[in-house]
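Look for chain A in each of the two complexes below; its partner is chain B in the first and chain C in the second.
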Partner chain A sequence: MHLTLEFGGGLELLLENSTKVHKVEVPPKEDGQATVTMRGLLTWVKDSLIKERPEMFVKGDSVRPGVLVLINDCDWELCGGLDAELEEKDVVVFISTLHGG
Partner chain B sequence: MDGSAADGARLPPPRAGSRLCVRCGERKAALKRPKTLEQICRECFYIVFEDEIHQTIVENSLFKAGERVAIGASGGKDSTVLAYVLSELNRRHNYGLDLFLLSVDEGITGYRDDSLETVKRNEIQYGLPLKIVSYKDLYGWTMDDIVKAIGLKNNCTFCGVFRRQALDRGAALLKADKIVTGHNADDIAETVLLNILRGDIARLSRCTLITTGEDGPIPRCKPFKYTYEKEILDYFSTECIYSPNAYRGFAREFIKDLERMRPRAILDIIKSGENFRISATTRMPEQGTCGRCGYISSQKLCKACVLLDGLNRGLPKLGIGRTKAGAGADSDGKQRAKRRERNTLSLQGKHGNFDF
Partner chain C sequence: MIYRYSRHLLLPDFGVEGQRKLSQSSILVVGAGGLGSPVALYLAACGVGCLGIVDGDDVELNNLHRQIIHKESYVGQPKVKSAADACREINSSIKVVEHHHTLKPCNALEIVQKYDIVVDATDNLPTRYMISDCCVLLKKPLVSGAALGLEGQLTVYHHDGSPCYRCLFPSPPPVAACQRCSDSGVLGVGRLLDYTVNAIHDHSVKLRGSSPDCTICGKNSAFTEQDFQKFDYENFTQSPMSDKTAPSVNLLPDSARITCREYKKMVDNGEPHILLDVRPMHHFQIASISPSLNIPLSVLEEKLPTLEISLKKEGAAPALVVLCRRGNDSQRAVRLLREKGFASAKDIIGGLQAWGQDVDPDFPVY
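This part shows the complex of A and B:
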């Protein structure tokens, strides 16, 4: 599944070359269905994109509190949070608030 | 105590933006307001966000027409949004304010380049004049000079103490009547918690005030006192250009955890701080002013003047933490008192940034 991921507010520093925008191909879940949920995406990002200090990005099975997540410019809480199902060409934005004002 | 369970009957998670905005009933909801849990669209969000800040300004009589107001501008998201919203509201509601951006340059090679670029961009975008005051202007020393004199060990003490006063000194230099800063509801809730944890009753009673220093020459106020950091970021997320800064600490993380469980928690902590009543028998530290520069200080000279004294006399370690007390001449009691004083000073040095 093609997705565009954007990282900001300092989260880009956890990625290779501090790149903010990543156009990625995320494999769907292995149990048959061709869907990617936010839960699956977080695991994939943590394993495949994050190069250092993953604890700045995830806590437990979700993002760390204080990280703003937008799916196509909509707060992910309104899309189902971890259970939100992503669609082809969705844009997912992660912005950390845990930095200076 | 799961916040989502408290919502009661919940529809199955909808696909992005499939519910309508509760305010206009026309567009799809894109955000959930932490204060009210209302689901609203971006257009309505911008309107209520700006309106709430206008209400805060009016209800608390933050400004008087004709005032010259310095907007403390760090180049971060809070002060960038503050500069934009204030200049908009000033126009829209005819506050009659003479607004300008005030930035501090510590004089660290490379460090402020990005954020000073951001404030220069704000100057052009929002049509607000920008004044940059440097540590060199204010104190006669850049941080680079100070590091040359003292090394890399205690330099943060200087930078922190100097920064705390820099906005006030800069605003005085530029004849401002008032300073506004971008401190938000999360910042204030964090400060309430830290002051409770430290038992700092004097700061606890001050830290929730929307305007401080009203008896001093230049009062400071916080129009974002009730504005959630999350919403500042929502407001800002379209052009996210600030440079990241040091991560804050456990109290901040704790507040974000609380917010996730129950978003109102942030406002409730502020409310607790506001309603704290201090026993009449508690002795409060006296707040005086510095004998040299007139800045608020509980000692004869303020910390910045003590540090400057040391720098200018070639004894840069003066006023820093662990100088040995005078050789044995003091009685035990006096020594203990001095030790206590020193401890307080170093605490202020480390955590002073929270007390605005």
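This part shows the complex of A and C:
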């Protein structure tokens, strides 16, 4: 499944060359289903994209506190959270909230 | 007044009614820094009825490049005085109120209750939680801005069914995730506003509604004004209510550390040594002690051969002294070096900041 992943607010520092936008091909789950859920995507991102300090991205099976997740510019809490099913060409944004002023 | 605000009045969606509402509104800006500067200037210029500014800090020279409300002549004076004077100069017809305090649980309720809307333009996490909780208790909408590096975020909390800060972030992020402007830098705000506006266009996002289970704004919340005044926000977030006090680590035994005065003596006595500066390269380019070898902490492990070559050039058993900006990364570096067999490595306590204070007052502290 083709997805566009964006990382901001400092999360990009955990990725290779601190690249913010990643166009990726995420394999569907192995049990034959064609869908990718947010839960599956987080595992894939942690294993395949994150280069350092994974604890700065995930905690337990979700994102760590202080990270907002947007699916097509919509808060993932409104789309089902970890169970949200992604579709071809969806844009998923991970933003670490900022505190500077 | 009609002439002054005529361009506002001509906007059909704003008009006389909009300008009248604005002139009857009171807005509190918390923080007269990088974000608070343009916010206060715009609010004053556009004719808000009453503008309150809270800040307990004084103007510093390294604020001026982005905190555009402050002028050189105000360095050393309270930021609220500087900001309020600038706002009065722009618009003498509005009321400007100075609150020369750091906003804290003990004074926040009293100050915030006098205003209709609150703008959070502060620079640290515990204060952001505190302001949000305070606005929930007093039923005030909160407009929250944040910036770091090249990015900006703008959010409206606790207004018309929107969530409060705690609905979005019930648990605070880990301390290591909280970068500060004084460590990571921040771009001047003119540019920053461009980025913010772009960001709004690119990522104007739909957020969840307020959480019914929120411990602060949820319908079963038992959080009272008394609870608020006693709440320890610094303990809750494990970070200080200031951008300035750097959390300092203590990783090494005393025998693995020297003071900058002791280091100065080593240099004066001509003791053979290598001074290893482990700051990022863009820090090293700002200012450094000469001669020193720059290998950033992030690449130290892979560049150990370079270090070994430099040590060999110095002859028999040179000392290895490690330096950084404030004395935290240098400890991490020495711990790594000792693990890798550089048993004599020591770090300079307090880093270049201490060097500037105790040894070389001409060294540019940044």
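Basically, the second predicted complex is superposed on the first by the 97 of 101 C-alpha atoms of A that agree within 3 Å, B and C clash if a C-alpha of one lies under 4 Å from a C-alpha of the other, contacts with A are read in each partner's own complex, and residues count from 1 in each chain.
Please note the rule applied: a contact is a pair of C-beta atoms (placed from the backbone, for glycine too) under 8 Å apart; a residue touches a chain by one contact, two chains touch by 3 or more.
All figures in this text were calculated on a predicted structure; none of them were measured in a lab.
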> Put the two structures on top of each other at chain A: do chain B and chain C fit, or clash?
Replying inline: clash
>> Output check: A:E77 vs chain B and chain C. Expected answer is one of first, second, both, neither. What do you get?
In response: both
>> Of the two partners chain B and chain C, which one touches more residues belonging to chain A?
In response: B
> After superposition on the shared chain, which partner residues are touched by A:T4: those of chain B (first), chain C (second), both, or neither?
Replying inline: neither
> Between chain B (first) and chain C (second), which does A:T97 come into contact with in this model arrangement: first, second, both, or neither?
Replying inline: both
>> With both complexes superposed on chain A, which partner does A:E85 reach: first (chain B), second (chain C), both or neither?
In response: first
>> Contact-wise, after the overlay, does A:E55 reach chain B, chain C, both or neither (first, second, both, neither)?
In response: second
> Across the two complexes, what residues of chain A are contacted by chain B and by chain C?
Replying inline: 8-10, 56, 64-66, 68, 70, 73-75, 77-78, 93, 95-101
> Residues of chain A touching chain B in their complex?
Replying inline: 8-10, 13, 56, 64-66, 68, 70-75, 77-81, 83-85, 90, 93, 95-101
> Of all residues in chain B, which touch chain A in the complex?
Replying inline: 13-17, 19, 28-32, 39, 42, 74, 76-79, 182-184, 186-187, 229-230, 233-234, 237, 240, 242, 244-248, 252-253, 256-257, 259-260
> In their complex, what parts of chain A are in touch with chain C?
Replying inline: 8-10, 53, 55-56, 64-68, 70, 73-75, 77-78, 93, 95-101
> What residues on chain C touch chain A, complex-wise?
Replying inline: 31, 33-36, 121-125, 128, 145-149, 151-153, 168-174, 176-181, 184, 186, 203-208, 243
